[in-house]
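I have placed the structure first, in the form of structure tokens, so that the comments after it can refer back to it.
Chain naming follows the written order as A, B, C and D, and within any one chain the residues start at number 1.
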Amino acid sequence: MFILVNLKAYDCNPVAVAAAAADVAEETGARIAVAPQAARISAVAATGVETWAQHVSPVEHGSHTGSTHAAAVERTGAVGTLLNHSENRQKLADIDASLNGAESEGLETVVCANNPDQIAAATALDPDAVAVEPPELIGGDESVATADPDIVTDAVEAAGSVDEGVDVFCGAGIATGEDVAAARDLGADGVLLASGVALADDPEAVLRDLVSPL
Amino acid sequence: MFILVNLKAYDCNPVAVAAAAADVAEETGARIAVAPQAARISAVAATGVETWAQHVSPVEHGSHTGSTHAAAVERTGAVGTLLNHSENRQKLADIDASLNGAESEGLETVVCANNPDQIAAATALDPDAVAVEPPELIGGDESVATADPDIVTDAVEAAGSVDEGVDVFCGAGIATGEDVAAARDLGADGVLLASGVALADDPEAVLRDLVSPL
Amino acid sequence: MFILVNLKAYDCNPVAVAAAAADVAEETGARIAVAPQAARISAVAATGVETWAQHVSPVEHGSHTGSTHAAAVERTGAVGTLLNHSENRQKLADIDASLNGAESEGLETVVCANNPDQIAAATALDPDAVAVEPPELIGGDESVATADPDIVTDAVEAAGSVDEGVDVFCGAGIATGEDVAAARDLGADGVLLASGVALADDPEAVLRDLVSPL
Amino acid sequence: MFILVNLKAYDCNPVAVAAAAADVAEETGARIAVAPQAARISAVAATGVETWAQHVSPVEHGSHTGSTHAAAVERTGAVGTLLNHSENRQKLADIDASLNGAESEGLETVVCANNPDQIAAATALDPDAVAVEPPELIGGDESVATADPDIVTDAVEAAGSVDEGVDVFCGAGIATGEDVAAARDLGADGVLLASGVALADDPEAVLRDLVSPL
């Protein structure tokens, strides 16, 4: 199971969260990555944690002011990127172009989507993984794996019907090791977390709990 | 073969083009539809031609100022809609929502896309048809079916790998019956046209030529 | 005072609302306009009511699939258009281009904005009027003129500081003649309404009440 | 005169350009800033050069995946930000929100716009400066100050008619000290540059020439 912690634009200390994640990953052997704001990638990567971007723009090198170019995040230490997060929905053509940009820089890719139909569509674009996050559960108190287990199994089936080789993650409301185990048992290959870790009083304790069933 | 004439925001007489299309369709038995600006749907539909919308918004009834609601275009005479045209690219989640809105009003749907990967993704959202239009050929002098025949056969294959039941159209540069026949021979179930008919001196003559091989 | 009734994408009978507005306007001499979905403009205009578009696209004639071209709405009977409604926020450059498109077709223009600073900015683009609608009050039970009177007077002042010749409207929560009178007393030249009329059991009765203080 | 070098998503070495700019600024006393990709802000700021962001998102702290939060760029060393660049046009309401976000973090702000009307609108939002860049001249061989001097003087007048306290910059095609002097003589308080410096064989030589008339 891959644990991907999205720091969004939270008012948190990204380096402290990253250091905690690096420690827990090293001690437990679990795969944990942290996705900070683009401006913080170099500081987060310096902790040794696996570092991801939250987004890369659908552009090649050139005149693209305000973009987040795949090369810039890769050069500063990112090894993967989220795309099409529900807080940053992209045009279909732009997801395709962002994937091409990310892949040309060797970044691993996870395309998010709302529901199994969109998961199938995202899978057809051939990312490394897709992630289903029901928008109504994001930031909530109940885990997607218990609140809506069918959406996870349906997403796994939808992705598999298009391409068996694309991993499936799930996210929304995941906060404990029990939630991670439930997601795994539903067929997920990873989970997306955000506030549950980023805004925790003790991110390291949360992370230890999250990976405990693995 | 389905002939879909997109009037875009051209400076043309939509009713005259529609009347010509209605005449040619009736006389030849060919299926020809015309997609005008939303404001012109009722006038175009009054000619008796099969009438389509150029787009419907990803919204249900409610507070959506400036939207193009599926019910509004259906009530005024449209029986289908284009979605995600290269001049009106939509977010993946919005294509899904626009499809749901269109289908709930009984509209036939065609989702456009740039390339075979995006065609596969669009097919996964389960529209009635998908349409491949290479952006670099749109509005040009050479037909997609001769300039880039592989993109048509690749699109047919990509769609078929996801769902055999979804039709595949192609567009860009199609101007003559020969182009329509070439598209058909590559496996397309229909063609999208625009300026070649809408801005022709004699749209009826162009349409007669277009359907001549059918 | 100008009474502009925005039908959004409501599940209402636009022709019935328009007919009621036409009757009340004729009997009372009040200026009342109705802004339906683009597809319904011709049917609404046929009632004789002053008809507006909810939006026009920032484009000239040409290849703009899915746009709402100013000429198309003007040809079907619209005499004005809203722009930049809070449900359809536009880029600054696109408000400017939409204004140019609307004006070249002789459409009257109202640019909406959230707050006095944005009202001043909108005024600088030289529309016929600007309209302040606090997003948090739209669709609510309390009128902007009583819930936040300062925003109306501040908007009037902000617009006037840039160009005295641009009218100022207000909207959000307006439902009664008392609300209209309050808006007028704060310096507004018109009001925007939506659900209060469009979804009323008896739109004509609501409209008669709205114009009663005028 | 303020010289702001926008590195866009160019395939250049941002640290080398920044180091050159830092050297020239120190030696000549000219004010030169460099705006890299967000991911490169910390590396660029480490050279000692005045560092700007190319954009900040219209968001506060919270759930905004893929955003460029003002705090993140400020914490990594940026002291200012461009907004609404022609390659990154923003909604009017979002320019306002981005300005609020930038100002709350103490960032200096420059809002770009296409023409004098939009410059007046941008000025009404009360940034520190506005910048006029005619889109058709961006990336071209001729300086805005010689190709279209009226747009600069009109922008200065438009901004001044709204608020005398907002500086006016210009950009597009500026490549030499002569161009900078011409911009200054037209009333500009600064210039925006991009490829002329970022993609130069010898950025330091270009910068020395640019500041030579100051």
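Just so it is clear, a residue touches a chain if its C-beta (ideal position, glycine included) is under 8 Å from a C-beta of that chain, and two chains touch if they have at least 3 such contacts.
Each chain and its UniProt protein: A, B, C, D = Triosephosphate isomerase.
Just so it is clear, the model here is predicted, and its values are computed rather than measured.
Listed by label, the chains that touch subunit A (Triosephosphate isomerase) and also subunit B (Triosephosphate isomerase) number zero. In this assembly, the C-alpha centroid of subunit B (Triosephosphate isomerase) lies 33 Å from the C-alpha centroid of subunit C (Triosephosphate isomerase).
Averaged C-alpha coordinates put the centre of subunit B (Triosephosphate isomerase) at 43 Å from the centre of subunit D (Triosephosphate isomerase). Looking at subunit A (Triosephosphate isomerase), residues 86 sit in touch with two or more other chains.
All chain pairs that touch, listed by label, are A-B, A-D, B-C, C-D. For subunit C (Triosephosphate isomerase) in complex with subunit D (Triosephosphate isomerase), the residues that touch the partner chain are 84, 86, 89-96, 113-115, 117-118, 120-126, 158, 162. Of all residues in subunit D (Triosephosphate isomerase), those touching subunit A (Triosephosphate isomerase) in their complex are 6, 8-11, 36-43, 53-55, 57, 59-69, 71-73, 75-76, 78, 82, 85-88, 138-139, 194-195.
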